[in-house]
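Next come two complexes, and both contain chain A; in the first it sits with chain B, in the second with chain C.
Showing the complex of A and B:
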């Protein structure tokens, strides 16, 4: 178990800057999730920690060691890959034991470690099978088994659940969460799925275009996003942003000036009336999901607005639907910079 | 019937059936009115199996195959790995390495005949390496070196074909396997042994069977460079078929040779396929 410290990290492919001045500290035992849209550099950042990518400048520290020039195997890390990367011609047992064999771990110790991992991951009946004869979830568990037997200081996961179907993803997500609490290990996890990020993470790092947009706990990111990108990236459906033209007289009072955007999450909006509503919207259509409606509107400036409503909205006499939310759920951002205002 | 069926029947099935038919006759290349063609039962087959030169040629061909398959395969895999790595100008090398296979065997044989000469490259090289202590060797007429020389030149001419297939196989390997091996601490050799080589299993099966079949067909270089000599050490079955069928005009006998040979190659290929693919499903 160790902390991970990235200092002024840069990575270029030719003239393309993939990571720009990354500074990040991941505490020992923390579950840290890198999240962001594809191409944001999250995988490259993980691979730089693993040693599968060289960094252009800056330092990577794992524990007290500067690991920039260390080979992956000497960094004390283990990694679970998106494709699981199991050796197809080896049995489950041999796959899990691979790293230990390479490291010439004594036979007895090796057998104990593999048996322990197999027991923890419920792989005991499968040890003599080849990966081709396993289900996706079982393969994933073998990949995790291979990474835990080596007692790494840091576990790295590169989109480990993206090849699984939705139901299995939920199960495996829970298992990874349990694994973290059982091992109390430092884990770094890359995903583009914000539900994985929200449910697993102690700390989420949101990346965009090679830059860290915000670092914080899931609740922080949800309740106090630093900027419009994070505000709209975390939460589904995404946060609605209104300019002062979209707002009613009452709504305008929530803004300090006309250069500010007002943000409201779909799940915090409720139907109001002409007098109390903050925004006046033209309804377009709605989807009934049983538990709630996803109501779609068009704002005065022509933007699509989505609200998660528990009752069907009925337009007022002027054909508009008026929505409001409680004050503490309002977000304000500067229109130019996108940064949070107070 | 589609055109494919017609063409297959016309150019593959018919000649083959015809050769089986001919193998039971005393058909000659140029009809001799004094010896009419007639059905002679299994007499050709009895002669084939009873002749020491058949067994000699059969043994030589077997030896050639047994050596060319691993040698050529190893060269092909090595070069394929080389040009699959991030070398500068690797596309150029991919093209250059393919040249020997594009050349016809006749041209290759002529070039290598020059290299094998008493004052040729190999003897000068040997002379240089041994400080004049060894050689010169007459590579193609020395019983000890003739077969080896043929194997070397055949491997050189043939390896690019296997190389291209290996290259395709290498490119189909999931790159994350290499990264996993790296994270687990594999050395280059361990990565080759545990990732590259076993991941190419299906490619190996194809290469072994294809090279075996090609190897059994050894003829052009023997016919051009040694004519089966010295002392029959490079005599091959196809060379024997050629000598009997075309030089001596004994088409019936040559057909029987071909049929025996075909069945042998077929059996070996089936056996290889059975053993090599069965291993995989274990």
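Showing the complex of A and C:
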């Protein structure tokens, strides 16, 4: 178990800057999740920590060691890949034991460690099978088994659940969470799935175009996003942003000036009336999801607005639907910079 | 109706091709099992050349061929086996290692090196034979095994086949192995090579055929029986007039059998490799 410190980290591929001035501290035992859209550099950042990519400049520290010039095997890390990366010609047992064999761990100790990992991950009946004869979830468990058996200082996960179906993803997500609680290990996890990020993380790092947009706890990011990108990236459906033109007279009073955007999360919006509504919207269509409706609207400026409503919205006489939210759930951002206005 | 006609036409064509391919092999087997040389000459003008009655089967030709002191067949077979096995086995390791380096390791001039290897595929052996002969003569290797082994270990086409295969192997496998502590050598030896069995089979078959049947080079570099391969011995045997057809065919059968066995041994992998190459 060790902390990870990234200082002024840069990574270029030729003239393309993939990571720009990354500064980040991940505490020992913390579950840190990197999220961001495709191409934001989250996997490159993880691979730079693993030593699978050389950094262009800056430092990577794991524990007290500067590991920039260390090979992956000397960094005390283990990694679970999106594709599982199991060795197809080896049995489950040999896959799990692979790193221990290379490290020339004595046979008895090796057998004990593999047995322990197999027991913990319920892989005991599968030890003699080849990866081709396993289901997706079983393969992922073998990949996790291979990573825990060496007692690394830091666990790295590169989108480990994205190849699984929805139901299995939920199960495996829970298992990874339990694994973290049990091992109390430092884990760094890359995903583009914000539900995984919100449910697993102690700390979320939101990346965009190689830059860290915000670091914080899931609740921080949800309740106090630093900018419009984070505000719209965290939460599903994404946060609605309104300019003053979209707002009613009452809504305009919530803005300090016309250069500010008002943000409302779909799940915090509720149907109101002409007098109390903050926004007046033209309904377009709605999706009935049983428990609630996803109601789609068009704002005065032509933007799509989504609200999660527990009752079907009925337009007023003017054909508009008026929505509101409680004051504490309102977010304000500068229209030009996108930054949060206190 | 059309479908039925097409099926019959296809079947007829397949049978025709099969007959054309099998005819010389049947002629060889049938003739090798006929003990009466006069009967062989009579049969050559008829369909009976492709057939031998069970009652007429004789192993006399094989006995004669195997006991010929002038042309010791077993020695030639041994020579060919040693040469072919050495080239194939060492070649698989050398060529796959080169391909692994080209596809997986980062070093300057890698692209150029690959281009050179690929372009070497088109240079025929005949063009290199004379300068190679001069070099081998200079190092005093004439009439040895190594003169027939060493120059053929590095094989550009095999390198190309391995390279093609390795570039398709997921990088995550290497990365996972490196994270687990493996060295590039362990990744090559423990992962890339075992996973490339279909290519190994293809290379083994293609190279063994090439070496087993090679004629020009052995003719240039061998004189006595010590290192002479069976392909050359057959030509020598056949070239001594008048040809005794029964013996020639028995010799041919014995020469063909080892290659056939190698093919049958690797057939499953060979076909898998060919199919993979076709569908990817």
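Annotations for the structure displayed:
Definition applied: the second predicted complex is superposed on the first by the 342 of 342 C-alpha atoms of A that agree within 3 Å, B and C clash if a C-alpha of one lies under 4 Å from a C-alpha of the other, contacts with A are read in each partner's own complex, and residues count from 1 in each chain.
The working rule: a contact is a pair of C-beta atoms (placed from the backbone, for glycine too) under 8 Å apart; a residue touches a chain by one contact, two chains touch by 3 or more.
Everything numeric here is computed off the predicted structure, so don't read it as measured data.
The superposed arrangement places chain B and chain C in clashing positions on chain A.
In the overlay built on the shared chain, the residue A:339 is in contact with neither chain B nor chain C.
By the touch criterion defined above, A:274 reaches neither chain B nor chain C. By the touch criterion defined above, A:81 reaches both chain B and chain C. Touching of chain A by both chain B and chain C, each in its own complex, is seen for residues 50-52, 71-73, 77-79, 81-83, 85-89, 98-99, 102-103, 146, 150. By the touch criterion given at the top, residues 174, 176-177, 179-180, 182-186, 190, 194-195, 198-199, 201 of chain B touch chain A in their complex. Of all residues in chain A, those touching chain B in their complex are 50-52, 71-73, 77-79, 81-83, 85-90, 98-99, 102-103, 146, 150. Chain contact summary for the complex, chain A toward chain C: residues 47, 50-52, 71-73, 77-79, 81-83, 85-89, 98-99, 102-103, 146, 150. Listed in rising order, the residues of chain C touching chain A in the complex are 170, 172-173, 175-182, 186, 191, 194-195.
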